[in-house]
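Presented sequentially are two complexes of subunit A, the first with subunit B as partner and the second with subunit C.
Showing the complex of A and B:
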């Protein structure tokens, strides 16, 4: 649908406009991607340490800063705020500018805000490792960080809202719906949760319930719409087809908007909070499968018969894997939201496994897809090595699959069943967990290796060392001279 | 879609759950009316009182939070059945030492599920997310029993545990533990004078002793305060045998 002919502007004008938009945003977008990828690597190193510590507590000695209780939250918070949000910022501001046909006039402000964001994440992470964390899952940064974070977010995202308001092209793309939703939902969710957790003096159980709600809302109302927006841009763009059934995705948007804010509190089932809360959340979590299914169907119908393109294009390959990840995330989440399953898996690694399937198996993969698409356009250089992209892809997939199998499914169920065996001492429940803790270390090993390739490759692109060619880097074969990009050759684009 | 309708729909879809899942429950739970121990017929008209944690215990809760204990430990005893339709039984209450004390000399079987009053005085109810370690709702009772069997003070038991959870000297653990050692909770000081009874009984450099710092002391008093098995009002007592006990 992006390729729909625009009768008002001639196509050369069009190309020039796109180039101008890319040029105007090149610094902030590249900054978000490279610093995000660096945080991802930091997070994966911390994840390695944390899981090693979980089964071999004396690994790396007994330094307090490297204890499981500090490294593990540091790993999750850098993954979410360091990598997740920054990748989302980069993709969102670029996509919104492109789809609204507006050049950015505020790159400097965004770039400055991006630096502030990085300082805040670094400060928060150091505080966690120094033993000053808040001790609230997914919100472990100390109390003083959230307000400046929200202000920084506003300084980054407000421009995309303005782009949308003054858009040159009146048609609203599916991606724009989801981008707009995510940009509006994040401050709502973040502000509501932080006010309930840090500011209002309320019952401690309601603080816990708000934090549980925050985790699910951040996933379903920020990371999911951003990933979906990227997928709904890339799939039609790369296959050259219009989105299958525009209204279906619009219905999915409103279903997600209506259902997702009710979800999240099912993890507190059995706690002495009003009983309707965990059960309503469980129902909402199960119902979220419907919009996700609608979105997946829409994307796969658009992709139908384009298996070759998926194999060739790094962007599309990552995006499609991410969409499958989204479906797995929703279905697995619904499976875990059944009261029977909650009884077994409530206090196992299942919740963490689900988070990682969502954050890595869906969100990060779609972001990688978008980054492989965007970076050559804004640096005007092509990716250097298809081998590095392939390694990145396959190691990530192996990592996610092992994780899904080992931690999220079999690990958590085996752990939960052992915990339920009340006649055995607790030690036996721990021993049932241990093999899967060891497997988790291997998973993070895969992920770390794969993202070292990615970070290295991205840094080379950032340094403008990419290939100066008019041909995109494809994974399986070289271009034919009759293809849309013409003969292979260097282009001069300083 | 017009901007007006977009804004209305966004506000409604987000506002409704915000009001019904967060705002109203928060107000209702925070301003809960005092609960009488029983109805008029049972003669227990006094109000249920749960001592609010303060001072050292509150500081200990902060140490618990900032050192990430919640990543491996939970503080929630769930009811046996999570829902009427569920066929899976939750066994938190059945373990002999999780939900209370199975055979207390004076009080008998004190096991019960967690109530909303158990977290009073804390900033954040540390329900936890994963049981890599044990549930700590009644860890105070367990530590007391184990320390008594070893002939040491409960505080010393915990100091030894924090210093090295895999220690063999005191055999605080029958088997291996993956709990991290918290060396940051201890400091080595010069032993001048008669020493102190909180110094750890370790082979040490001559003239020096290892003593717990403020964090260890606070965390210890917090953990020893975790005894969530006090009698609760009849209206929230779900023990099927509650009438026989009296």
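Showing the complex of A and C:
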């Protein structure tokens, strides 16, 4: 833990140190990214089947494993635990090692735990499709999965805490605050919710309330800090600037830590639980906009005047889109938390739309940004095709925007308003959402296509088939005579 | 870490597992080496808009808490104005609907539980069971029609040009006046029957009263034609008037 004011160290030494850290973590990080992206593809296929089932129930016949009631939770849980957590693991362990200036000495343990995690997610998904799921939103894996999952999580994340503890660099970066927060909050949120839902013998209404809290807490206390940590690393790193205001980011961290645990139960407004629970949650969800606003302002002020860099760097482009997604998630969440909005949207697709905005529009996009940054460093190859990156980017952006419109805004509000007309049978309220459902299943198809580009690209990188060059793959439009990526460097083929 | 070794290949990226990473990465263009150094964080003055924006958000959040009302009163869990208004009688407020629509909807429900198993959902009847669609007994005198389900019928009967000889039990016993009125109106106006009138709840009450005075007696077709070939007392309802959709009692428009 020597505080080394290492400005006198030549930059070659820094490069060497970084390379050693990258090298030490290359197997687990690459494993998390690639298997995460594969789960994302699975999740998108399931999402497509689920929405198709919603508007044309006869699609794929009468197979019980492919019914909406099983495919939909399978889609959401593979998205959360298969893709979301694995991407978070990959980014968190790499980022913490880099910022703490520590090489990993436990890559094998992390890699083994990563395999166990994948087996657990696969087992849980198969159980859901076989009809053995728990049926609790965001916690649909059967009851026996959560304890081994938590143990596996500990085996993966504990090393990052140790890295932080023995860091070689005393200054704590904003990213480290958020990484450490997420690493500590996840076991708390996961354990508390699973104990209340699966273990303790409590009133069923309180089980529902705990599950609603879990959904919001996992998002705000795990996915949000991980995504924010990635953004607070990449933005200053790529632009070469200092973060706009360190104290503001710190205040935002503590505000998030203080407010987010109160949020979540507003979705139960009107249920026979004590009134203070949904109303405090609604107010907390609205107040979460304050730290998110501070973080967004901090990031955009850091980016000011760097539009060209954002346009050229795939990492930065995805990150900026993700940060905008974070702001949209917080504001949309606050909008839905108002009691008069809940009355309309409570029993519609609005909540699921909010999940998608958070998990895809914010979290996944920032993770894509981080992956485009990290993978060339750990594989020591450059991304092969900027065209594939561009397709991935634009299909994701248009997909998320259309999903926001179809599921979260117009679809849910038209359904909610139609449901208010209680003289009509519920079926007619459902029919009000049908055009949006059809659009949604088409959009999932495009999202799947974008992820096929991403997964294919990533797999090629994993197989060490990346470009052997020392020019990074940037999204520029200029073409030189020597090729789209500029002059190739010296290549060592020995 | 020999500098001479590195400098001999300044542009060389490391490519294989066998490459000595520490040596290769001092090359100026390798990804890890060309990275910019992460700066320690700055402290630029805070924009006023951030504070104003946060204050507005805080106000909205406070407003929501304030709207909670009796926050810690565990007897009242439903927030004010959240639950729909309740009528003094206990039921929810019904919007009046057009009489013919309400009678037909309710009548179809009664028909499907009481009659459809023999007379078929389309009123076509079956082997030995007379049809209701196109039957002059259905569209004819209302008292005749009402007494068939209320008391039952047996013996020969001619319906729509064909002869039948069977027994029908008093299937309509126990129906409320509103249900009976809806059922009779339904069979008189469904499947191409177009009497166009509505048998009101008052008329159905009269029919039930009449049936009660007669007692448990199953009619023959001849008896019905001889004694009961008249309309039920009471006034038929205008098909376009507004009624309560549950009680089928006429109502004034709400707005």
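Please note the rule applied: the second predicted complex is superposed on the first by the 469 of 494 C-alpha atoms of A that agree within 3 Å, B and C clash if a C-alpha of one lies under 4 Å from a C-alpha of the other, contacts with A are read in each partner's own complex, and residues count from 1 in each chain.
Going forward, contacts are C-beta pairs under 8 Å (C-beta built on N, C-alpha and C of every residue); 3 or more make two chains touch, one makes a residue touch a chain.
Values in this document were obtained by computation on a predicted structure and should not be read as measured data.
Colleague: May I ask you to decide whether A:301 touches subunit B, subunit C, both, or neither, giving the answer as first, second, both or neither?
Modeller: Once the two structures are laid over each other on A, A:301 reaches subunit C alone.
Colleague: Using the superposition on chain A described above, determine whether A:339 touches subunit B (first), subunit C (second), both, or neither.
Modeller: both
Colleague: Applying the touch criterion given at the start, work out whether A:202 contacts subunit B, subunit C, both or neither, answering first, second, both or neither.
Modeller: After superposing on A, A:202 lies in contact with subunit B but is clear of subunit C.
Colleague: Which partner chains sit in contact with A:347 here, subunit B, subunit C, both or neither? Use first/second/both/neither.
Modeller: Only subunit B is touched by A:347; subunit C is not.
Colleague: Would you check which partner chain A:274 touches, where first means subunit B only, second means subunit C only, and both and neither mean what they say?
Modeller: both
Colleague: If we overlay the two complexes on their shared chain A, which of subunit B and subunit C does A:213 touch? Say first, second, both or neither.
Modeller: Touch partner of A:213: subunit B, not subunit C.
Colleague: Considering only the contact definition stated at the top, list the common interface residues of subunit A for subunit B and subunit C.
Modeller: 269-274, 279-280, 339, 343
Colleague: Which bits of subunit B are touching subunit A when the two form their complex?
Modeller: Interface residues on subunit B, with respect to subunit A: 9-10, 13-14, 16-18, 21-22, 25-30, 32, 62, 64-72, 74, 76, 78-79, 82-83, 85-91, 94-95, 113-116, 118-120, 122-135, 165-166, 174-175, 177-184.
Colleague: Quick check on the complex: what are the subunit A residues that touch subunit C?
Modeller: Touching subunit C from subunit A are residues 11-12, 14-16, 18-20, 22-23, 99, 171, 173-174, 233, 236-238, 240-249, 269-276, 278-280, 282-284, 286-287, 289-290, 293-294, 297, 301, 334, 337-339, 343, 376-377, 380-382, 423, 468-472, 489-493.
Colleague: For the complex, give me every residue of subunit A touching subunit B.
Modeller: Its residues touching subunit B are 53-58, 62-64, 67-70, 72-73, 131-137, 140, 181, 184-185, 188, 192, 196-197, 200-211, 213, 254, 257-258, 261-262, 265, 267-274, 277, 279-281, 339-340, 342-344, 346-349, 351-352, 419-422, 426-427, 429-430, 433-434, 437.
Colleague: Hey, which residues of subunit C end up touching subunit A in the complex?
Modeller: It is residues 1, 6, 9, 11-16, 19, 21-22, 24-27, 29-47, 50, 53-54, 57-58, 60-62, 64-65, 67-74, 76-79, 82-83, 95, 97 of subunit C that touch subunit A.
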